[in-house]
Amino acid sequence: MRVIDFDEEQLHELQLYEFAEINKYIDSDSVTWLNIDGLHDPSLLEQIGKAFDLDRIIVSDVLNTDQRPKIQEYDECLYVSIKMMRYNEAEREVVTENLSLVMMEDLLISFQEMKGDVFDPVRERLRKGKKKIRTSGTDYLLFALLDIVIDHYLYILAQLGERIEFLEDQIMTDTSRELLEEIGDLKREINFMRRNIVPAREMIHGISKIESDYFVDVENEVHWQELKGNISLALESADGYRDMLSDMMNIYHTSVSSKLNDVMKFLTIFSVVFIPLTFIAGIYGTNFDNIPELHFEHGYYVMWSVMIVVALGMIYYFKRRGWF
Amino acid sequence: MRVIDFDEEQLHELQLYEFAEINKYIDSDSVTWLNIDGLHDPSLLEQIGKAFDLDRIIVSDVLNTDQRPKIQEYDECLYVSIKMMRYNEAEREVVTENLSLVMMEDLLISFQEMKGDVFDPVRERLRKGKKKIRTSGTDYLLFALLDIVIDHYLYILAQLGERIEFLEDQIMTDTSRELLEEIGDLKREINFMRRNIVPAREMIHGISKIESDYFVDVENEVHWQELKGNISLALESADGYRDMLSDMMNIYHTSVSSKLNDVMKFLTIFSVVFIPLTFIAGIYGTNFDNIPELHFEHGYYVMWSVMIVVALGMIYYFKRRGWF
Amino acid sequence: MRVIDFDEEQLHELQLYEFAEINKYIDSDSVTWLNIDGLHDPSLLEQIGKAFDLDRIIVSDVLNTDQRPKIQEYDECLYVSIKMMRYNEAEREVVTENLSLVMMEDLLISFQEMKGDVFDPVRERLRKGKKKIRTSGTDYLLFALLDIVIDHYLYILAQLGERIEFLEDQIMTDTSRELLEEIGDLKREINFMRRNIVPAREMIHGISKIESDYFVDVENEVHWQELKGNISLALESADGYRDMLSDMMNIYHTSVSSKLNDVMKFLTIFSVVFIPLTFIAGIYGTNFDNIPELHFEHGYYVMWSVMIVVALGMIYYFKRRGWF
Amino acid sequence: MRVIDFDEEQLHELQLYEFAEINKYIDSDSVTWLNIDGLHDPSLLEQIGKAFDLDRIIVSDVLNTDQRPKIQEYDECLYVSIKMMRYNEAEREVVTENLSLVMMEDLLISFQEMKGDVFDPVRERLRKGKKKIRTSGTDYLLFALLDIVIDHYLYILAQLGERIEFLEDQIMTDTSRELLEEIGDLKREINFMRRNIVPAREMIHGISKIESDYFVDVENEVHWQELKGNISLALESADGYRDMLSDMMNIYHTSVSSKLNDVMKFLTIFSVVFIPLTFIAGIYGTNFDNIPELHFEHGYYVMWSVMIVVALGMIYYFKRRGWF
Amino acid sequence: MRVIDFDEEQLHELQLYEFAEINKYIDSDSVTWLNIDGLHDPSLLEQIGKAFDLDRIIVSDVLNTDQRPKIQEYDECLYVSIKMMRYNEAEREVVTENLSLVMMEDLLISFQEMKGDVFDPVRERLRKGKKKIRTSGTDYLLFALLDIVIDHYLYILAQLGERIEFLEDQIMTDTSRELLEEIGDLKREINFMRRNIVPAREMIHGISKIESDYFVDVENEVHWQELKGNISLALESADGYRDMLSDMMNIYHTSVSSKLNDVMKFLTIFSVVFIPLTFIAGIYGTNFDNIPELHFEHGYYVMWSVMIVVALGMIYYFKRRGWF
């Protein structure tokens, strides 16, 4: 439970262990951002719900981490939920958690599933006293948090995109099974992101349609436009990568099967060249009483010569037809 | 025929065998939920239709279990139909039945095709006297029933999802035909669910557009929003699983064909190695009078040596080219 | 040319041969349904057009049997066209013809291309004096005719569906070419139906948007809703069957190619087992002066033993690798 | 430059070589249709533009034959462009040219790229003095020209459809490469038409949304409805043919590969039958001192018998397994 | 930093090195176009932002070259961004850079990433004193710049289209791997363009919906219509080329695999013809005491004759069955 309380002149940042301590920040005129890590303690949530007189649905929504990103307007507050994603570079996988935001007049509460978030740049801006964020109220803070979440979508997509582009270079030469599995992994992650981005985009569009007192600030409208642009960009780049991966999968399969076909063709041609030679040897292995060639002085060498001529002739013919 | 009659203070729950018995519950101010299992007795339906003065179309709609989920507003009531699905764990299949709901001022009638339903949690909440459901009227009861039906969609999807994820691990190693049939089964069930979820979503969206006296309760609007979110979530997760199954099918086919190709390549290479050896043996099986090699003291061993060198040379060459 | 003239009390049904005879039915207050089989006689159409003062476009639309289902409002009448489909059980094919309906105040004219239609249930209801249809005017009659036409779509889809489900059971075991052709036939018929259902649905939706005096009857609105539900159901089930057929086609091709692959693999393995054996025989068929094995007393039997060991070894190895 | 000037009573048709000659027709009250073949003479266009005070954009649009079908409203006129297509039966290809129509109060100018058009039926109707077209003004003339253009789309689609249906019968038996190329050609032409029909449909829908003085004539509205129906029909039938061609391509590939597979299977089975026979011959070609069978009196015949039995046994086995 | 300042009578064009120098052009009544090449100098941007009192968001948008094409209305100006594309003929690749346009009453600022642009034709028109562009204000200048950008899209698509059509001719005969890579390259470039054209089209449509004082000029509306038509044409032709490339890829794969199949079939038939011949030779290579044929005077020649008859018979049979 971390509190950042700020107005234009001052900023207080502290770690709370008792919920009661928060009251003095709430009551002040300054904007208060209450950030709660971990949802393991339902009684705390109950307490918060009661303290701020939140609808019970909000409390249960906060606890339900499987829900779709959504926006819900209540009399006393605005509830927003979205998936927060981070890229775990070590394990090369996307980590996702549900983020719930409750915005009131002078208070914004953010609920995360786990410790660790993507909000440090926002905290930094607050601490450094950037004028815009320090003077704009909870709606701008909400925007700033959503903005950083969506920026992280773009960042993760860029990370995945780098791996995809790296694979794209390899795919022309390498046909190992690992490559295919890597492509499959990336495809699954891109699809997973897409499934989260689509309803998030819906939600972002929903925000700008809400005509509530929280959003009347004309000056901020342009920010929501930018958010919309960014989430659309995220979706489009996810779609772009998905198409690239599908293409790569096709190229991979084509490469593998064309390589296999080349091998099989070579082996077949190799076999075929020996077939008439073995036949000729078979002919002179027969035990007929009367095979004149067998008694020629150089019969054996003539046979060899004929064989070599036949073999070279076939190879020449196949080469000329462009078969290998 | 089961009746639950309740208001804030009291709840009566009983099994009816005679339709006439119901009248005293109807006439009271309390909310009455009449649940009818099985549609085998059309005369009972006729009786109900007459008693509550229902449009004849409603009666025929209740009997027509093949219809699409829909919502229809009448002067005296609201008619809602949806597919109720349960997951039969033993047979691992989705069981579906048509559910018709007729909502009037103080009465909600639910018609099911078969005994057994998914409503026990609602009954439990009623019995335990949860304040919200006991005080909110038939519209909230309708919501609660639809909510539990759609929760079951999500539950079934989660069950199928578990089987799908279990298969996904297997698919990399196992290429048995049973796996393919299992994937086909799951695909059919997911498609079947999708076909029911799509019109159900349409219907749920239809409810919130109805401006009737039954739905004016502003407090409940947020519940319908949640229902919409859930049914959209169901559809999205069905779509997600469908894509996963398609991918798995492709992976399966790729695995099978790549395994087959490996076998065929191995066999072909094996054959090809023997071809020149058999040819050499053929050469020395010819009966020419004059084949000097045959009369060398160690000719036979030299032939073996040559053969071994040729075979190893070919194996080395194929290995170096990465052919096996 | 068949006339059914009815009001609540009485019904006249007769076959007309002279167009003039109809006048007395038209002039009465009762509802008149004039059904015309066959469009081979343009002069009759001209006569009808003149008699009822129809727009010339209507007459040419009636004659143009290739047109899309559509609805067109005129000052004096409403023109509706739709494809009427029947399932020819003997030839197992869908027969289609264009149906044009012209609705006026007390008169409904239906134009069919061929003798034979799907309207008998409507006629039966009229004859039996069902109150609803006998008292409701031409708009309900129009509804009843369209309803029966669309019911037939559903019926045909159910027929095709049965054949599809029957094939689905066979497809796992049978891979004959006839099955593929049957699937192709069904696919073509489903596609054909889809192409007719889509614009029909558009047309049905168009009807309920028309705000004319013919459709003000609030009581009937619910029927049009049902019609919409049915045509959507038809489209969805056509889509469902189309997907099933595509899946079946894939399963068929997979089955065929997997069966072929099994055969080829078996044959290849069979050949491969003989290759070293033939090589060994080749070795001892060479004519070297000095091959010690040839002079062992049991050399021949030892060769056989070696061959059997090699063959069994290979079979064991292939089996253990799961190659057959 | 061809002029047709008409009103209800009279019609003048003439070929103009000097642009100035046209003035007397323009000034009259009668409707004038000025048709210009070929756009090779920009100065003529400039002259026309100046004479009728057309926006310079119109002139440049007329010259730009690569543009999309579109409709543009100006103060003094309405500009419509569409692709005119004709089917060259000799070369079996679709010929396309851009058609620009400029409609003013009493004047309609049509610009074509090449000599030769599809308007003869309209001219014929004008000459024969059909009342509708002679009395309805330039808007009906515009409709008549667009109608004939779109009728030609349908006609071309019907021509292509005939070739497609003819191919469909062949495809079951014939697997020549020419067939595939023919399918490819047809696919390209259908796609080409689709690309022109889609924006044309957009344009036709655009016309009926224009609320200008040129289109107030209620009587004509039904004609624009028909035009919409026809262009939709064209698009749907193009889509239908496209699907048929895709299906045919799949059937072709399936046929080719199944035919090839049959050949390969036959050849493989043929080879496999000989393998054990050759092995047996190899056995008795060995030079062991002590092979008792060689000295049996009928050993040679016994070997033949064994071989025949083995071969027949294998053939019987393969047949019973349904392998050929 | 290049300035073009013009009104109907005069035009000043100059290269600026000091930002302050611009003031005198700004203050005049004439239209000023300030073009800035390269975004490497953020301080210059800051300076410009301050001088014209631009929103800080505009400045950061100008610097963010990864953004989607968009349009944003501010109180004091209109911000438009789009991707400018050029075709590098030498490297045969599409070069793209972000173009930001800020339009104010008498001033249009264009920011490019790199030196070199596509605006020379606009500059030429300005210099030549074309009346329209010299007298129409910044909105027409904005249109002219966007128009030339989109014209370049069409030009690049035409360039790519030429390469595609050139490949299409080759694909029937050539099956080299380079061709496939070329197709892949083109596909990637077309997809890349598509991803830029789609949001650009959105943006262009957005412009015509803006009801600001900058766009009231009715006369110019028709130009924006044309821009819309052009960007739609670009999208449609990109889609058309994409379909062509997909078809070509399929044709390529079909050609390759059909060529391979022909080779394999030929080789297999070749082998199969020798199999019975080798078997016959094997028979007469056996060492049975009693093989009468061996002792016929012409036995050896008879064997040859039989072999030739068998081989020709097989070849005849295979030919008649159409196998090669």
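Per-chain numbering from 1; labels A, B, C, D and E assigned in written order.
Criterion: contacts are C-beta pairs under 8 Å (C-beta built on N, C-alpha and C of every residue); 3 or more make two chains touch, one makes a residue touch a chain.
Computed from a predicted structure; not experimentally measured.
Looking at the partners of subunit B and subunit E together, the chains they share are A. If you lay the C-alpha trace of subunit A over that of subunit E, the rotation comes to 70 degrees, to the nearest 5. Under half of the residue numbers at the interface between copies subunit C and subunit D are found on both sides, making the touching surfaces mostly different.
Centre to centre, using the average C-alpha position, subunit D and subunit E are separated by 26 Å. Taking each chain's centre as the mean of its C-alpha atoms, subunit C lies 42 Å from subunit E. Contact with two or more other chains is made by residues 264, 268, 271, 278, 282, 285-287, 291 of subunit C.
Taken as a contact graph, with one node per protein chain and an edge wherever two chains touch, the assembly forms a single closed ring in which every chain touches exactly two others.
Tracing the ring of inter-chain contacts outward from subunit C, first into subunit D, gives the chain sequence C, D, E, A, B. Residues 55, 57, 61, 66-68, 70, 72, 74, 177, 180-181, 184, 187-188, 191, 195, 198-199, 253, 256-257, 260, 263-264, 267-268, 270-271, 274, 277-278, 281-282, 284-287, 291, 293-295, 297-300, 303 of subunit E are the ones touching subunit A in the complex. Those residues of subunit E that touch subunit D in the complex are listed here as 222-223, 225-226, 229, 232-233, 236, 240, 243, 247, 251, 254, 258, 261, 264-265, 268-269, 271-272, 275-276, 278-279, 282-283, 285-291, 321, 323.
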